[in-house]
């Protein structure tokens, strides 16, 4: 397989091609009629998926460094290149994205009934934006992708969203922009500082990484970190920057919610892993920042779960559950142990699958009943057994049932963080209780209890198309629950490398059997 | 049979689950296939278990046999294989679980055949077996945890099997969430163990812990206490016992299988599994014993005033689980496991028997379209005439649970009480535990007999027309009962005490010795000998007899009124009837405040009010207000514009003068 | 091209060829007026002639620029460097835009006076002198040659009292501000003994900034600050932009502002290069105030035209921030941002002009509702403009803003950068609702936007504008190259804060 | 003597200016402005700018102000308007701001020819190549004092030719503009 | 020797003009105040030309041209608005605001 890929020079062109294909597709799709637009969009996303799958074999992630690094000329006067690269972490994020996009397109076939060409074109543009964020290794390029992604999402929510879509889309846009604009200033300041130290003006990630400790930057490092932190924390979203999420999730069309939850939120954590912390490890691991971040992460876990519990709207519930789940990811990232970081990555991927599936399911039931009020359902397990079964499985995955994907991430995060932050981890662990509380309660009110609403008695069960949408996610959920090792192995070198950058001098291998004083006796 | 075939015991029920699950979704009316596949896979698994057991009988391994299936999680130093562990302890559990499980599966065929969810039921039941076996066979804490949570899930699904009733769905959810509280403890325990030992494999824990950790140290104490929290959740101990009585909402075979014989004993099993750790932590052991003893007496008192036949049994189960913890808390791990086994026999029998009774009652009421409660023992009475087989078998089980020699319960319970008493020599608090246990034994005998008396003796209160329709269950149901009856009677044989005239003595103890030896070295079992021993035995028998007689006499002393006409309970009886109002207490102290705080404080106030209202929209509003102010200044009056201009001019000019 | 000796008549003519072409065209148009001034066709002809003249001027400019025209010896009266050429380019583009937008508008609104083009060309000439002035006297006269026709143009719609009011307000306060500027020239002249910027620069470099020169400098800043509508000298702008005919507003917002900024850059960089500390605080303050006030007040506007007026105040703030940097990067950023701003603003006003049949003032955020359904391309164009004004990546506006931000952050005073991004964020609060209204709301009525269709000339302007916004947004290399090169040649090395990169 | 005349004229100028801005009626206001201009013309003479003084009287007082008066009459504005002047706090603010401007500009009061000459004649400037520029040096030939008109004309038509031509555009623009606006019918 | 006092006088006259612009509402008077300011600046130019030569005086010449041009256009604009409102009172000219 690898030989085949090598023979066609796969590694040389794949990254730019991955970025170009969707946008080119978008231009075509935007000009087509509705029916054709759907098909072409699906074809484009499937092609994208197939193309990206080669990365799994062709990218050697064992070194933990960036592979396939290619820098194309762009704006040399400003030290800006169109530089792309991929490592184990971004590989997973890219694959997650490319896997989800065909599903999103397919899942939208019935949901979207107006202005289809525009819709599918925007989805494709969004694909480029998201992939770009994950493979950009030039800070300018990264920033451009980071922002460009906002526009399609803004339109997706604003045009095809629910009742309150106008408010939600604007809030989403401005909230996100608020963080990223400050990051922009920080990036520029870093470039300047690095240029002072080296005499080279460059936005290259590696250049900045190497010179983030330049004398001129050390003094302002806390401010720079703060700017990065805000940008990423809003995206994650960390408590208390999360309030755009429930609105955006609820109002977005199904595919929008799926993408938001599965990919967009991950950009925040990805940003921390890739940029914020490696750039400023000493700030990120100062007492104060550790305290604040870990507290916020833990608050997010518990708070998100508690608030999710009392939501009357299923989508809002899932939105708040994302706050809770991503709290785990943040905790793991800051733990900076192999287990913690790997766990955080698994949470990111796993959450992408399970929450994505949840949103698809909610969308499917919404198409049938045109409501997302939990109270409007009840007892539908009898009418739609397959839907209920899948919903249950996905909910359980989200709860973190061992054997399904959610558990792996949460378990690793908690194991990993326990060493660094025992108390916080202890509190975070209560999240497993609350997760069960809110999801099972919701599950009960939706599919169990008495089927007492006549309009629920005639809901048709899932169609084949919908099953096709859900099947890959379900397979992923189970596969990652039972055999996550290949994924973990792909990411481990990158995770270790991250830890080396984040905590220089600390042994990467987490386990050191602490023969404590009491044991010596 | 080679023990490496052990995976088959899991694979078989899993195949059953797949088949039955597919049928449940696609062709729920194919009950015949389900009736064959469901119990069939279990019997096959049991056969495999027996085969493996037989293979190891002659030459038991002194080290656990671990069979890795595949590498599961690997991150840094944390390498977890999905591996199965075969040793003496897991084999005992394996036999009990597959054996009793098979019987209950068979019983279920008869019991559930009329239910439209027949296939779904067996799918769940098979899935439960899968997870239960993973729990038993898992070679490390995380793998065990897979089963641990999985059985919780199945318990949830099966309790809420008839999900159309809100109460059932509620009960299922409650079970899951309360279990999760325990799981929180289990998780934290794992974290502590991983960071202090660097492993989560049972075998490695057993070897590393004594050398790495300090006996009685904070680490091991904390780890074991958290572990016990997990056990308390799964095995329904104070304060997490509340879910188990509610779990009776599930079909009766489920109560028998999950909530009596297998899953709820997982906590005891886990303590035995990690006995080394508990043995290193005397404080934790005392806590385990104390909680066990308290639970035993506490649940027993509630059992005194219950009228739902399954609720009585449920509280009895909680109480008996308390015994088991009293045993393992007294370092008598064998005794705990022993009671686990015998309890599995007689409690499964009791539940299935009650199932038979309910089946009959339900039939009767169904035939006459009566809406009376088929599970209320006040509606029964005199059933021995209609259900003779069931009556006899349940009576045997009652004698067993009451501790009448030579029934199985006598031996196991006696050994627990003796060990607790024996530990009293070292830590006097154990005398108190023993006393509580003894009192609980008295109450057990009393309420069990009360239940039996109200059900089978006296006048029949079912109703004149309904009475015609009462009859014994079919063979497919009574058959398993009979097998369990035999086991309840002779089950004690596996671990006869030394004073018993006939060998084999201490069979189970010797069998388990390789597994429990490390713990025993740290904290040996203390069994009193000689006169004390005999006095204790005598007392135990006396207590049992007194309890039984008193139970029979007081129950039948005055006529019993049927449930519908029954008077309100008064005084302490009312408190007992309402289970000390613990559920209400939890509800008003924890559940409602939590929901209220979440809804009104966190969501409405913090989220919508402070962050969104004041923070986000507030700053947007502030911007707009400032902008509006600017608009007002833009008055259209040129004079004012000039003034503003000049303000700027004056500022700029003066800025360069200084 | 050989160096041009600017003290010979031929040298002067060569150096000022674009200006002279524009002036000559204005005379041609004036002559045209003499016997043809009644019909729409006359007006159109005048417009077309103007357009030709401007394009020819642009060609002449291109010839000069590509020939790398330099002065033999010190420049005289007008500069002869890349920065002036770039400035002339910006101004000419703005003027061409102004003509294109006016062609159909005047006809439609019945303002059939070919003099309009004549005035526009004279104003353009003024802008060119203002932007390229090497001497304060030329600067002052250029400013007046620019302003006087624009005063008239603002009041050009004789049937509209608002137009007259706009003209009067602009004129009175403009004359008032000119007096300040003039006073500034006087004091600078007094302090340095010259009105030639190079001499002033040499004097201030040598002797620092005596209080007289300081006052003079501030007065110059006030005078130019007025022209570019910087807070607090901006109060006229919303009213005048609002009341003037839309093509005039576009011309004012682009040409006048650009010329003002280019002059400001030249005055500061050439006249006061080494006393940067004396003017940075002032410019910083003006920049911050403009950004804050402009954006905040724009937030509350419903009329798009008026909103754009306030937004142009905000953009003046961004540009001031670039000037504030006082570096090569700042000078380059000013050019670049002006480029993006001019293109975007022309396109925006072009669209606004067609949306507002029967009064552009009445075009509100709500009245464009559903435009995307009825006129997708128009809506797309306007959306692109809005995102460009917002400074969103993928548009030229972003590249410009990026340039400004990198120029500011290269200085040590990053607070201004933070103010810039935060106020940009606020600006999303009024640009986005327009996009939202067009795309996410339904048309008010069946008849909505039926008339909204771009006439040919405006269509050209808008199309070119939008295409360039997008092209330069994605591939800004040509602009970056030219502005950076231009600024490098323009700003003295001693001043350059990017190249020396002191920590 | 010169100083006495200067201060007298200065006082007259200030007084006239003040009267100009406080007059209710535009006509006297305009006349007071003319008076200021005359006073300034006198000062110009004292400052050796006789030609400018003449132009001041001819162009400013003679032409521009007449134009003003002409418009005032044309529009029949020759009467006091009730709302014309502002009152109360506005006056206070206006006076304070004007005083602020004045206070800032007073910073140059100690300037003298000598001090300026000293500064401008500083060696760095003198030796700079830019000193050769037109307008850079002080055109202080003997001719300057003997023939003031020539000394203005020479720079105007040599050094400042470009601005001079520019004024023609300006005047043309003003003429066109005025016609466009003021003509009753185009 | 008259340079300093002349500059002071110039500043005073300029400020009086500024005050007038702020205080008056009559467009014509306001414009006259601006003329006063220009005159004040002219004084500065003339005074400074005693130190620097005739450039200042040339400048004054240009200023006069500008003043004339502005006067023409300004008065034309005033005429134009007078046609609409029959007034030159700036107080009434606030149709554009907000």
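By written order: A, B, C, D and E. Residues from 1 in each chain.
Going forward, a contact is a pair of C-beta atoms (placed from the backbone, for glycine too) under 8 Å apart; a residue touches a chain by one contact, two chains touch by 3 or more.
Given the structure is predicted, the values throughout are model-derived calculations rather than measurements.
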| item | value |
| --- | --- |
| For chain D and chain E, chains touching each | B, C |
| Chain of greatest Cα-centre distance to chain E | B |
| Chain located farthest away, centre of chain A as origin (C-alpha) | D |
| Chain closest to the assembly centre - both centres taken as Cα means | A |
| By count of C-beta pairs in contact, the leading pair of chains | D-E |
| For chain B paired with chain C, centre-to-centre distance based on mean C-alpha positions, whole Å | 78 |
| Between chain E and chain B, distance of the C-alpha-averaged centres to the nearest whole Å | 96 |
| Inter-chain centre distance, chain A versus chain E - centres from mean C-alpha coordinates, in Å | 65 |
| Whole-Å gap between the CA centroids of chain A and chain B | 37 |
| Shared interface positions of chain C, touching two or more other chains | 137, 141, 144, 148, 151-152, 155, 158, 167, 169, 172, 176, 183, 187, 190, 193-195, 211, 215, 238-239, 301, 429 |
| In chain D, residues with contacts to at least two other chains | 86, 90, 93-94, 97-98, 101, 104-105, 107-108, 111, 116, 120, 135, 138, 160, 163, 167, 170, 173-174, 177-181 |
| Multi-chain contact sites of chain A, meaning residues that touch two or more partners | 174 |
| Chain pairs in mutual contact under the definition given at the outset | A-B, A-C, B-C, B-D, B-E, C-D, C-E, D-E |
| Chain D contact footprint on chain B (complex, rising order) | 639, 643, 646-647, 649-650, 653-654, 657 |
| Complex contact set, residues of chain D against chain B | 86, 90, 93-94, 97-98, 100-101, 103-105, 107 |
| Footprint of chain E on chain D - complex, ascending | 2-3, 6-7, 10, 13-14, 17-18, 20-23, 26, 29-30, 33, 36-37, 40, 43-44, 46-49, 51-52, 55-56, 59-60, 63-65, 67-68, 71-72, 74-75, 77, 81, 83-86, 90-91, 93-95, 97-99, 101-102, 105-106, 108-113, 116-117, 120, 135, 137-140, 144, 151-152, 154-156, 159-160, 163-164, 167, 170-171, 173-175, 177-182 |
| Chain A residues touching chain C - in the complex, by the definition given at the top | 74-78, 140, 143-144, 147-148, 150-151, 154-155, 158-159, 165-166, 169-170, 173-174, 177-178, 181-182, 184-185, 188-189, 191-192, 195-197, 199, 201, 215-216, 220 |
| Residues of chain B touching chain E in the complex | 631, 634-639, 642-643, 646 |
